[in-house]
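My questions all concern the structure below.
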């Protein structure tokens, strides 16, 4: 896509967003919508401006929690995927357990984790780890097993050692799946961190949203919501950008 | 037949874990009150059956209504997208943006708007399954093979006939997939919505934590998991029964 | 069944679907294990022949790794074999030979089907195998490209002569390429007949129209039909 077209598209979207904001502002102003229902964009922007410090700190904290959890969950998931692909016995025993763990709604685990690991960073990062773990596991397994029988036959005909088969065939073949999982678990880690903050912290964006709402500081609450959305979107964008940089070849979409 | 073998291994693995867990508890009795033995959890489920059931009823109602409403809206949006491609281009980004707003941010907002009660969690549940359904339904409605569509054209079928005979059956696998994902998502959404409320499974989880009622907490967790799993398996069985003809239903997941 | 392939001889295997010709090739390539019988490649059983890289294989699916460029793909056997007195210049030279010299650093998805198979053939020849094993290599290509590839294959093969064993559905292709055509019949899979191809080399597009070629094709076709008929209960 040419730069001009991308620019035009972005401008059009920015224009749409701006138009929406203007509409929002006008409607809330003209209909005197109460602030607990829908604050005016200008008021939200003001809340942003006068609370830059707390919002930024909350955002950085939540982001740090999410990043730690994302890394931990993916490392664990991919490692386990490798083990499961190498040993079908481990897979047959381990996969049902992983699926069982996955079946527990994450929010239901928060109280338990809070009780076991207490208030604070550990619980929150653990939640983020848990939410990233399963997509990484599934992506790793699917990806490592993705090469066609012909590709594997070729490797065998070349008498390639296992390590080379992994390095040159299985791992590159798995990368598209792994990055697709990243695009899901990156924003999900942000979400998980925020949910965990509800019960296990008194800082961070998730907590800030609740706290601001509880103190009837609605513009601040909305500002925090905007910040949270931006963080989640940023996480996705970073994952997508990483995908574009690493996956330089066309991949068939399943 | 490989599927049956997989099932057996799953049962073995889970049974083994439960047994080891029980044994461990017996051996180091009362050393880890935070993690009760499976038998104690089972007993707790019976002991607290009434409060659990009362709260569960609420959550189920919210989940079901949320799932239905979210799915219907999702399908409606998909139908709009397929019928009017221009709508897709303009609305798609809006939909994605709304979807990006984390549920954890939306839930407190809904609580403020609708107060404590059944409405907020239901809406959260609906939102949780709306987007997956919209995406899957759009894909599904477009999944009809071009050869099948050409055939209907050659037979001079009306748009409605084409829809009913080709597009709808072709989209069913996708719709059921979305429902498979949506059912546990709706339960999750309802639970999140109830977190700050005064009733429902979400509330029960939170309150049992702050009141340090460990066994009630575990019992509720187990029930919540069972419900989410049941919803998922319900639609998996739908898949088998109604869609036996699709490769997706026949092959392993 | 029993047959052999001599050095620098091109043998084609034709037969109806399911007669086991692909299986036979896989047995030679040590991709499957025979329940009985002896297979020897260059005097060695398939397993050690594979480890000593005595054969090169070309499948119907060229299997080019999309994350490597064309040259890296063709060099893959070198990478596997890890140096020691191997010809590092072979991949580039072979790419030139198959006519892909200018595409050494192209990406695999930028190549057409025929070009990809040529790359696969180049890769199969990198380690100077004693025998080239081809399993319906041009099955996925359209007719015109297929005929062009047949001529190309003969040209390449004449420059890098090895023994060659090819499985194909197409009788015309078999007769055009081979010195001998073996006709297989199904259930049980066995060699029903053998036809020596009397056409002189080098063979070109004109050969395809020659009466000798057409006569041979019709003889093989008859043999194939007989083989299939015989098996019908």
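Points to keep in mind about this one:
Just so it is clear, A, B and C label the chains in written order, and each chain counts residues from 1 on its own.
Here is the rule we go by: contacts are C-beta pairs under 8 Å (C-beta built on N, C-alpha and C of every residue); 3 or more make two chains touch, one makes a residue touch a chain.
Being a predicted model, the structure only gives us computed values, none of them experimental.
In terms of the distance between Cα centroids, chain C is separated most widely from B.
The central chain here, found by comparing per-chain C-alpha centres with the mean of all protein C-alpha atoms, is A. Separating the CA-averaged centres of chain A and chain C is a span of 49 Å. Our note on geometry: chain B versus chain C, Cα centroid distance of 53 Å, whole angstroms. Centroid to centroid, with C-alpha atoms defining each point, chain A and chain B lie 19 Å apart.
For chain A, the set of residues touching two or more other chains is empty. Every residue of chain C that touches chain A in the complex is listed here, in rising order: 26, 29-31, 50-51, 53, 55-57, 59-61, 63, 65-68, 76-77, 79-81, 107-109. Interface of chain A with chain C (complex): residues 148, 150-151, 153-154, 156-161, 164, 168-169, 172, 175, 248-250. On the chain A side of its complex with chain B, the touching residues are 13, 16, 36-37, 92-97, 99-100, 103-112, 114-116, 187, 190-191, 194-195, 198-199, 206, 209-210, 213, 218, 221, 224-225, 228-229, 232-233, 236. By the touch rule above, chain B contacts chain A in their complex via residues 6, 9-14, 16-17, 34-35, 90, 93, 100-106, 108-109, 111-113, 184, 187-188, 191-192, 195-196, 201-202, 205-206, 208-209, 212, 214, 217-218, 220-221, 224-225, 228-229, 232.
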